[in-house]
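Common to both upcoming complexes is chain A, partnered first by chain B, then by chain C.
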Partner chain A sequence: MTSMVGLFLVLAVLIIIPAADYVFAAGDEPGEYVDRRVLIWNLFFRMMTVAFTVGAVVSGTMIWLVWRFRESHPKATPTPYEKEGVW
Partner chain B sequence: MGGHSNWPEWIYIGIVIALMTWVGAEAWNVERLVEHIPADAEVIKVTGQQWFWSFEHEDGTKEIGELHVEAGKAYKFEIYSKDVNHSFNIHDYVVLMDAVPGRVNTVWFAPDKAGEHDIQCREYCGLIHYNMRGKLIVEEPSS
Partner chain C sequence: MVLELQKPRPIWQIMFSTHHTDVGLLYLIMSLGFLFLGGALALAIRAELFLPGAQFIGDAMTFNRMFTVHGTTLIFLFLLPFASAVGNYFVPIMVRYKDMAYPKLNAIAFWMIPPAGALIWLGFADFTWYATPPYSIISAPGPAADMWIFGLKILGISSILGAINFIVTILKCKHPDMSIGQVPLLAWSFLSSSLIVLVAIPTFAAALLMLLTDRLGVSGFFNPAMGGDPIAYAHLFWFTFHPEVYVLVIPAIGMMYEIIPRFSRKPIFSYNSGVFAFVLLSVVSFSSWAHHMYATGMSFTEKTVFMVGTLAAVPASAMHVFNFIATMWNGRIKFATPMMWAVGGIALFFSAGAGGVVNSAMPLDFSTHDTYWVVGHFHLFVMGTIAFGSIGYLYYMFPYVTGRMYNEKLGVIHFILSFIGTILVFFTQHILGLYGMPRRIFDYPPIPEWIAMNQIATVGAMIIGVSMAIFLANIIYSSGKGKIANTDDPFGLGGKYYYPFEQKNPHH
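Coming up: the complex of A and B.
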């Protein structure tokens, strides 16, 4: 449990706190002329990069899981639960 | 379930939370910047009705189907509808806002170069919706 708290602390320091800080610091100055084309399309491309990266990792993991843990895999072994027949 | 480790699940949850926070922060920040209307923006009243757009400048000048603005200035559109839902869109400047009867919606933009751009209704509003178009004419700054 302690290590999980540690993991979340590390994540918070690395990502969550800087992201929140970034948001609260932005946009306080009055009325800048911004180019909405640039802002909106850049946001779109950043989000698409994240979406495709996450999509690739998730689908890659699923494909690997199905390939590696199929019954016919040379290194397939029953899990402890299957071996004992107790769940 | 003795000896079963759930570390991967916690790492997965942590990564998902961090990613969602980052995505939310980025989107929120851009939205704040985009919606932050400059104090000196000129107000233009935009009225949608079947099936054309009309515009009224701050000095009372009215235009139908065409909108003349100057490069380098900021404009705030106050968008009205006289009949059904429309949506005011200047595609080249990523301006898009619904015109809803009984409501005033606002959106702003600052054209940076002289030129002509299409204005189009983006909410199906009846038989001639497809032709509910206009022209944005961005002129060189007068001063």
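Coming up: the complex of A and C.
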């Protein structure tokens, strides 16, 4: 449990700190409209690249999981909990 | 075993009962009724947007009324009451108590909803589910607007009463042998969401009163002509309704926590991380409301705080997703209908969350603010995650409620069509938003890309409509004439369920 919490804290820091950096793309001062739009769209595509990469990994894992651990898979075996009848 | 429909009783016995399964059944039937009503409005909205120009709705005011009632219905009269249905049915059984803590209060909380629904539907207000001031104060036509305000007021009181009941039932009425660390995760989800309701709803209750007195002209809280500030309403509204998103999604995740271990034939991978993530989500739900308002002229510091506060929900949500994946790993998964809905819901939850990160990052939010991106994002959450989890759980609880099995093939067809339709509608709406189409518009210029994507979204909505018609036919037919279920193991999984269904709470 402790290790999991630690892992997720690390992940949280990895996600939040770079994201906090993005806010500097939009200041409150007037002017620089065109530059800001370019910067914003650049950030958008960078974030989308990250999102699609992570999305592909997670979705790919789920698709493989669903295919591999379905009960009709040739290598499917009863889980240890089924023998006890309680899970 | 709780078999309401297998042993028919006069309808008045169920209607005037205070037993938790009877009240749960009433919640269930009413919420499904409103699902189909709200869904019909969605189909009409999508049909209208199939092509630019007025199609059949006639005028923008009617269109505004339709999407206002559509949103209000599906959030307050379908999703929330459906969660209450599940909670009423299972929370007392899970904590091994004879009923909810306050059965009469429970029945009162339910019976407040139909009049509130009637007020909303008979009024048919036009100011969006956000009740946009100053329009809602100055020129929204009455009595529709006033009826909506009173309807929401009643629904808020009902939610608070329900939340108090869940909290007391779980914390004070659980069996003495059961520690809080043994309470099933579904019950934990109701505890977390009920605590959010208690903190969040009173703020909106106050805002509604202020809105009403502003409409009556006796105050000017949100009326610029009287020195008021509509942005203050935005703060009060979103302080309640961003956490409200979590009030909806947390029980849906709790339902997935019931389905996924059962059908994977394994215990949940980490109970503690599930509890931790529920509590964390409850807390961070209050740190993100102002990300809806980046475009209102907030200071840079405020925006930064709320951006980071919003992103804090990511680790908690990811903990749930990884918990589900780790539970399925090395399992022997039976893909019956409830499991398909749960897995589909997780996949779409991830996609919806990724879109939410874009909304919360303030520079990107400016590009997507008030566009169809936002419509696609929150619909992907409410339909793709919350409704998917809820419908999956409906199939899961069906044999326990009716004593009969639904038609499995129709259940699978329902899932496949809904999954395809959801992707077609809401992923397309994201792209439509990036192309700049604003939300809440009756008509749009004939830009070829906009037309094409609106048509794809409308076709997707019609596919969902067909799937819901199949769903309706399946549950009505199966509840009366379906195959008699083996109520000890209706899905043929083997093993026992860890909450004691055999301990039927006697009716009173």
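In this text, the second predicted complex is superposed on the first by the 53 of 87 C-alpha atoms of A that agree within 3 Å, B and C clash if a C-alpha of one lies under 4 Å from a C-alpha of the other, contacts with A are read in each partner's own complex, and residues count from 1 in each chain.
As a working rule, contacts are C-beta pairs under 8 Å (C-beta built on N, C-alpha and C of every residue); 3 or more make two chains touch, one makes a residue touch a chain.
Being a predicted model, the structure only gives us computed values, none of them experimental.
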First (chain B), second (chain C), both or neither touched by A:43: both
Partner chain(s) touched by A:85 [first = chain B, second = chain C, both, neither]: second
Partner chain in contact with A:71 - chain B first, chain C second, else both or neither: second
Partner contacting more residues of chain A (chain B vs chain C): C
Common interface residues of chain A - those touching chain B in one complex and chain C in the other: 4, 8, 11, 15-16, 19-20, 22-23, 26-27, 36, 39-41, 43, 47, 54
Chain A to chain B touching residues, read off their complex: 4, 7-8, 11, 14-16, 19-20, 22-23, 26-27, 30-37, 39-43, 46-47, 50, 54
Residues of chain C that touch chain A when the two form their complex: 261-262, 264-267, 270, 272-273, 276, 299-300, 303-304, 307-308, 311-312, 314-315, 318-319, 321, 325, 328-335, 343, 346-347, 350-351, 354, 357-358, 360-364, 366-367, 494-496, 498
Sites on chain A touched by chain C in the complex: 1, 4-5, 8-9, 11-12, 15-16, 19-20, 22-23, 25-28, 36, 39-41, 43-44, 47-48, 51, 54-55, 58-59, 61-62, 65-66, 69-71, 76-79, 81-82, 84-87
Chain A contact footprint on chain B (complex, rising order): 10-11, 14-15, 17-19, 21-30, 32-34, 36-41, 74, 92-95, 109-110, 112
